[in-house]
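Dropping the structures in below, format is structure tokens.
In what comes next, subunit A is part of two complexes: it sits with subunit B in the first one and with subunit C in the second one.
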Partner chain A sequence: MKKGICIQKSPGQWKDSIAHYLNLDIRKYKKTFKKFNRGGLFLFFFFLILALFPSLFAPYPPTERFVSYEPPSAAHLLGTNDIGNDILSELVYGARISMMVGFATACISTFIGLMIGLCSGYFRGTIDELLMGFTDVVLIIPKIPLIIIIGAFLHPSIWTLILVLGLLSWESIARVVRSKTLQIREAGYVKSARCMGFSSFHIMVSDIFPNLIHVLMPKFMLTTASAMISEASLSFLGLGDTSMKSWGIMLSFAFSRGGFIRDMWWWYIPPGVCIALCVMSIAMIGFGFEGRDEKERRGMDAE
Partner chain B sequence: MALKAENVSKTYGSGLLGSRKCIFREVSFELEPGKTFGLMGPSGEGKSTLGRIVAGLESPTSGTILLNGNPLLGMKKAEYTAFRRRVQMMFQDPTDSFNPRKRIEQSISEVLKLLNSPESKRLQSTKEMLKTIGLPKEVLARYPSQLSGGQLQRLALGRILLLEPEYIVLDEPTSALDVSVQAQILHLLKKVQAEEGIGYLLISHDEAVIRFMSERIGMLKKGKLDMIRT
Partner chain C sequence: MRRCEAGEAFENNTLKTLSGTMREAVKKTFRYAASFLLIVTLNFAIPRLMPGDPVKNLIGEDVYVSEAAMEQLRAEMGLNRPLYEQFTAYIGDLLRFDLGYSYHLHSPVAEVLRDRIAWTLLFVGVSVLLGAVLGTLLGAYAGWKPETKANRLICCGFIALSCTPPYFLALLCLDFFAFELGLFPFKGYYDVPTPGSVIHHMFLPVTVMALFSASRNFLIMRGSVIQEKGHLYAIYARAKGLYDISILFRHVIKNASLPIITLLALDFGFLFSGALFTEIIFSLNGMGTLIYDAIIGKDYPVLQGSFLVIALAVLLANMLADLLYAVADPRVRRPTS
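Our next item is the complex of A and B:
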């Protein structure tokens, strides 16, 4: 065949040939990405330990008062805030609230998404149309404005926030679960199980659900990350629970109680960095799971 | 005593803009205990669809499936449960017949649980089943990915046999296997049929396999079933 004639290639082949022409070693980048993932896991465990055992790391109880508006010093590494609380201690204790909101929200939304997606994909027909129609309606609701309205009407508490975020973040999980369920229900072992007379409940729990875990895990982690961001945004807007100081609430107070005007960077930068790093670590774990799923799928295709 | 398909037709599509497609029309045949009905024909003619309809996994557009004179559509729950045990289906791809996340032992014991078999008898039933299909008990501890296609197809048959079915729809049971393993599976099927008196509906596009196995043969072509050997 003449040189220069365009040969139709699959997307994977194109990627390989582009890498070849640009003299890129994809394996090297994959290795770097793997290290990146490991970094994510390390960061996540760091924040998890902070959240589980804050008293080991915080120099003072978060409510103890000192002189207000102190700059960083040996006694207070990140200074003090307007009412004299040690900012480092607040930061350490804040990890617990932020992560709790993230994980509790992800638990609620993953459960709802799993139930709706599984029933929709397994039963198909009218049930599928009804459930997916409902999912589409939830999908187009603008979340943050709705949460602001609900938050303004209801008593602002962390549980309201978790419930509202959880009830409004399941739709993408439901869609992914549904498409995977549609695929699995056509597998021979599901057909055999139906043929042998196993109940739909047994098939869904025992045959389909275990094969959905690798799809659910990344979605769970990414929902956790996005719930943490939503919590921080809402708290910053003053719709959070001020009695439970999360990183978002810290930012909100830094904004409303003079942290920004006085240019007290040690008050507003650390919670912002913590939110960014924690969300990034969780997202990286999520992407890691997704990557593993992709690898497994390719492996199966190759066979 | 027979499993009958009476005037079974299958049509796909809603009929809008000429999307309606008739796969086969008014197909009738009968499966008898201890005998094999071979169904052959070109690809895409609806052999597997007909097999799924006979096994009760899909409903026909018109026509009925009768088990011992009882129509499948009008069956009560208890009757349908009994039908599910009596009529089984074995699929083409053995690697896909078992849940990849379960050990074979677990897949087998689930069937025994379904049959309400007492725990003390389960081991005995499993041993007998393995003896019938000619596999060592070591396979029970394996995952499906650790077994060969032939072993999995034997296990798929063994699992079906635990339910003591009267009829089995064999949907291309050997087409995913190599020739020597094909012969082993076919001989095993014949042996099981002779011992248990099970009626088979054998679906295959391989004429040699059909002729070797079947007493009666039908050819599904252009939506019609022509009897070749009666």
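Our next item is the complex of A and C:
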């Protein structure tokens, strides 16, 4: 982004020559970036860096123990919790786990949704009826109660949580992918590829899939956002993995282990605010992708 | 002759639409039946598939029983019989509203649920309706004039709300309004069972849930109105000289609110789960607290029964939404093909 701005300021053919050599249209990229909310992008990268390099930001390791129930001070900016861990460090290390759950879930569900949507949109007919019928059936089942049951039977672990959440949140992706595939498969290049005798698999992968990325990206981001909220909710019920402290588990502990009754706002407000901000930044990026897609469609209609 | 032909054509047409509607209805019914079956099957299969002893899984983990009693229970529940026999027995139990026995609470699950679900349904119903009205109206207005400062602010606020876990919002409200300001009671549905007391107790939780539900409706409605107002009929209405307000509320809102109906049904499950968490925070004696206690006590029969009841409630809500949709949108009643 910075590069684009700086090049624009310098006079002359800079822009054009670089665009020519790199085979990129910088103006187009700048436009793309403008669609995103700047605050959302900034927040997202902030949380991403926090998640990737927690040791740079956390003042102490998350398991180191001090005096418990301490109010905020210079040594512990957000105080300490019931077993004496520094809350700020926990918060920083929690970013990785919360975001990992969100993105891993979104990966699984995007993959399943893509497969089902692509197959039913491309083959149509009976396969479409069957797959979409199945999607509608699964769509009705309430996710969180089901996850609560499964989570109660299994031992709480972050991987089962990811797996179950991922296996249960692909329906809207499948629907979107299907309707887009139905559009694309009537396009000239798909028809000509079929005439040339390419296999269905090849057409799906190399002709249809690249055109689906536009609709997949916003869905991916929104799925991530809702998975993070689900994770926080389930952790609150005590179904999370207590050995890997995410923000949801911190909130749950603050509620069940006396942070709320002792009025320790520095314990329960920061994780909640972090969840809200992080989810919001991810959702905003999703909206950004969506907005771009809509603009493009409108442009096409106008033509 | 001509009239006869026309009559025939008309008859043919109605027949076709009728068969089309019928086919749609049959398809829908089939799908609902399939979802019902899937829910029941899941409920049947989960305790038997999960790791651990199925007897333990069916009676709850905190119950201590001796080996001999366990064998007896196994025979009683028919767990050593073949699976299809177990399944038919299970369906038979369901038809008699027998959801198992909670050893933890010392009463049949169906009874426990019957006591709790009325309050939860009241809570969820009121807040969903309030949220739908609030979200639709505000969303319509925000979509009509998306550029104004106030509407942008509202939009940001609702995005923030929809990204906050509902229980965190509930926690903040409880802390601020009940603990700090002391305006509202901390827990329960009532002190004395009068409507005034119930309203006083329900005000905070219902507000939180209604705001949460409104935030989702708001975003959909806003987008929908932005899309609809670009259509020709809206421009025509303006060219005719109608007031903005009457264009919005008499013409645009009808078309724009169609997605809301679908969303309400699909969201019902989500809101229901959100309500469970809100109930836990406000210590309301409904399904949420029941499930919370059941998780802590590993009381599996109660969990399963709750899941079944919630899933059926969501199923019914979806069917209702389908019917409403046909009332609201005549195009659904006569398919184009």
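Simple rule for what comes next: the second predicted complex is superposed on the first by the 267 of 303 C-alpha atoms of A that agree within 3 Å, B and C clash if a C-alpha of one lies under 4 Å from a C-alpha of the other, contacts with A are read in each partner's own complex, and residues count from 1 in each chain.
Simple rule for what comes next: a residue touches a chain if its C-beta (ideal position, glycine included) is under 8 Å from a C-beta of that chain, and two chains touch if they have at least 3 such contacts.
These figures come from a predicted structure and were not determined experimentally.
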- May I ask you to decide whether A:Gly197 touches subunit B, subunit C, both, or neither, giving the answer as first, second, both or neither? first
- Query: In the superposed arrangement, which partner chain does A:Ile275 touch: subunit B (first), subunit C (second), both, or neither?
  - Reply: second
- Task: Using the superposition described at the top, determine whether subunit B or subunit C touches more residues of subunit A.
- Result: C
- Task: Using the touch definition from the top, say if A:Ile140 reaches subunit B (first), subunit C (second), both or neither.
- Result: second
- Touching partner for A:Ile249 - first (subunit B), second (subunit C), both, neither: neither
- For A:Met284, is the partner it touches subunit B (first), subunit C (second), both, or none of the two (neither)? second
- Applying the touch criterion given at the start, work out whether A:Asp207 contacts subunit B, subunit C, both or neither, answering first, second, both or neither. first
- Message: Per the contact definition in the header, classify A:Gly188: touching subunit B only (first), subunit C only (second), both, or neither.
- Response: first
- Task: Would you sort A:Ser233 into first (subunit B), second (subunit C), both or neither based on which partner it touches?
- Result: second
- Note on the structure: The answer for subunit C against subunit A in the complex is residues 30-32, 34-35, 38-39, 42, 46-47, 50-52, 57, 159-160, 162-168, 171-172, 175, 179, 266, 269-270, 272-273, 276-277, 280-281, 291-292, 294-296, 298, 300, 303-304, 306-307, 310-311, 314-315, 318
- Message: Touching residues of subunit A toward subunit C in the complex: what are they?
- Response: 133, 136-146, 148-150, 152-154, 225, 229, 232-233, 236-239, 248, 251, 255, 260, 263, 265, 268-269, 272, 275-276, 279-280, 283-284
- Note on the structure: As the complex stands, subunit A meets subunit B at residues 187-189, 191-192, 194-198, 206-207, 210-211
- Across the complex, what residues on subunit B touch subunit A? 55-57, 81, 84-85, 88-89, 91-93, 96-102, 107, 110-111, 114, 156, 159-160, 163
